[in-house]
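Okay, structure first, notes after.
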Amino acid sequence: MTELLGHYNYWIVIILMMTGFYIVIARPNLVKKVIGLFIFQTSVFILFISMAKIEGGTAPIIEEGLSVYSNPLPHVLILTAIVVSLATTALGLALVVRIQEAYGTSNEDDIHVQDEED
Amino acid sequence: MEHLIDIVLLGLLMITGFAIVRMKSLLAVAMLTSIYSLLSASLFVVLDAVDVALTEAAIGAGISTILMLATVALTRDEEKAPRHTPLLPLAVVTVTGAALIYGTLDMPHYGDPAAPVHQHAASAYLHDTPGEIGVPNVVTSVLASYRGYDTLGEVTVIFTAGAGVLALLGYRTRRRNIQGPGIRKLVVLRVIAKLFFPLILLFALYVLFHGDYGPGGGFQAGVIFATGFILYALAFGLGNAQRVIHHPLLRIMAAVGVLIYAAVGIEGILLGGKFLEYGVLADDPVTGQHLGIMLIELGVGITVAAVMLIIYYGFVSRQD
Amino acid sequence: MFIAVSAVLLVAIALGLVRAFRGPTLYDRVMAANMIGTLTVLMVAVLGFMAERPEFLDIALVYVLISFVSTIAVLRVYASRVSMQGSDRK
Amino acid sequence: MMQPLLDVLSWICLLGGAIFLLIGAIGVLRFPDFYTRLHAVSVCDTLGAGLVLVGLIFQGGLSLVTVKLLLIFYFMIFTGPTAVHALAQAALQSKLKPLVDDHEPR
């Protein structure tokens, strides 16, 4: 079981990452691009947390009678990263809202067309 | 057995990801993103990251979904088909993915206790925390004490993002409550909101001050606190919510939180220690650590709650 | 026994996901998301007992509150959007 | 003496809850229109979730864990129906027609 599972988590995470990446580069809608970025971010979080897991370990909150804990360091990095990712996502969405107000569309192709007309 | 749950959850996440790519309606995509967050949060619980799961639950399923919906409400719902064929992006994605998968082959196996990442700093944190910091939750001790600089930086980033959203979207105070057509008879919702609003705020305080002993801390508490006010705004209208907690007050609070954090650091210098050294704050170093951690968690909580509400007000007050 | 319950929960989440993909209306999707929220709460609680550290129920508590608020938010935001389109047509 | 009895009770509750959750989920998938599906969701939200939580309470014994489980239960019995009520109302207002059997004579 362990041999087969060896890298399973990492591979799925990479597939998820590429899903988000594909949305960002292939889809013209700006809101969808931000959502693609969100998926990409979440997959990075899962990658870090997968690395922190130790076989047979438990959550890193110290208690009598337990000796194996998962690695707390990636947890700390990701905990703050989640909140920061929300803040940056909000900033991106705010930009989308302003673009929508300026151009009347949130479609990248249409925005390019309007820019060329000017 | 945990492996099986892990595999199934990852599989569901993958299916959801593909569905998000294919779905055209952006509102549906936003709903799927919320489900995606819920699933990844359960995955974090399986992987023993309870603090991270708490954060992802509070943020991914709650505020970020609300923001995406608010943005979709301000733009068009339907996504147009791309003008170019997606062959080039597909090729780029496939090549990048293959390269990354090739890279994972050298990585230590999943769950391997001998992996390099577990050897140096992490084992020292786990070993030293009970003696040096005296709090059971190692994540809190690393977050607030060992890597306090980092966290100060993150809080500043959040503050800056809040300022950025404020600069982009501004804010409008609503004198009159425009009664949205939405759920027209809000009686049930209002009763429940009145019942839950104080409980949510109380629970946020519990998460804030219980963060030393269980999952929780300033980041999560701030988000839960903001969610309480969002519930209030949903039930009683944005105008009333803005009368309860003024926008200028929010802007001040966002700065106050960061300043509390920095002040604790400078207090350490004044008392003869280094920046963000909590040991000197009290006679006993462990008590000093407790005090320092509690104060900076409070600062983090205030900033996060204020920024989340600034962002929410910014997006929702545009919908006129 | 906990394993049986969590297996059932996973199956139920998968069924809810199918409903979320199929739609057909937005309300079906919101409903599916709401149900998956409930199931996730139970999942987290059961997982806590399975790992023999049930004191982490705080996470489940947060889920209950947050999934409720986001369901209500979806309905409010969506309804305001529909009414905006209606006023455009006039 | 009490422990085996509590265990048996807790397993019965957990299994019962799991069965109701499954039934609810199948209902959400199989029922023909939105309003009928709401019924299925309510089964999950109240009976299924309630039984699972009661089963866990039997496992938890008299401790802080039980208090938290009771709190979750308390929140759930209020949020579930409120959310479903709001959903049904929003759907009705957006003129989503319930599916009715036209073949029946009125």
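A, B, C and D are the chain letters, set down in written order, and residue numbers restart from 1 in every chain.
The definition used in the following text is that a contact is a pair of C-beta atoms (placed from the backbone, for glycine too) under 8 Å apart; a residue touches a chain by one contact, two chains touch by 3 or more.
It should be emphasised that the depicted structure is a prediction, and the values quoted were computed from it without experimental measurement.
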Co-neighbours of subunit B and subunit C resolve to A, D
C-D or B-D - the one linked by more C-beta pairs in contact
C-D
For subunit B and subunit D, what's the span in angstrom between their mean Cα positions?
29
Approximately how many whole Å separate the CA-defined centres of subunit C and subunit D?
12
The distance between the C-alpha centres of subunit A and subunit D, rounded to whole Å, is 32
Please work out the Cα centroid separation of subunit A and subunit C, and write it as a whole number of Å.
20
Shared-contact residues (touching 2 or more other chains) in subunit A:
58-59, 61, 63
Residues in subunit D with touches to at least two other chains are numbered 75, 79, 82, 86, 90, 93
Which subunit C residues touch at least two other chains?
13, 30, 32, 51, 55-56, 58, 61, 65, 67-68, 72, 75, 78-79, 82
Pairwise, the chains that touch are A-B, A-C, B-C, B-D, C-D
Mind listing the subunit B positions that touch subunit A in their complex?
3, 6-7, 10-11, 13-14, 17-18, 20-21, 26, 29-30, 33, 36-37, 40, 43-44, 47-52, 55-56, 59-60, 63-64, 67-68, 70-72, 74-76, 79-80, 82-83, 86, 89-90, 92-94, 96-97, 100-101, 104-105, 107, 109-113, 115, 117-118, 121-122, 125-126, 129-130, 136-139, 142-143, 147, 150-151, 154, 157-158, 161-162, 164-165, 168-169, 213-215, 217, 219, 223, 304, 307-308, 311, 314-315, 318
Report the residues of subunit A in contact with subunit C in the complex, numbered from low to high.
58-59, 61, 63
Seen from subunit B, its contact residues with subunit D in the complex are 181-185, 188-189, 192, 195-196
What does subunit A use to touch subunit B in their complex?
1-2, 5-23, 25-32, 34-35, 38-39, 42, 45-46, 49-55, 57-63, 68-76, 78-80, 82-84, 86-91, 93-98, 100, 105-107, 109-110
In their shared complex, at which residues does subunit B touch subunit C?
1-2, 5, 8-9, 12, 15-16, 19, 23, 25, 27-28, 31-32, 34-35, 38-39, 41-42, 45-46, 48, 50, 53-54, 57-58, 61-62, 65-66, 69-70, 72-73, 77, 180-183, 189, 196, 200, 203, 206-207, 210, 214-216, 220, 224, 227, 230-231, 234-235, 319
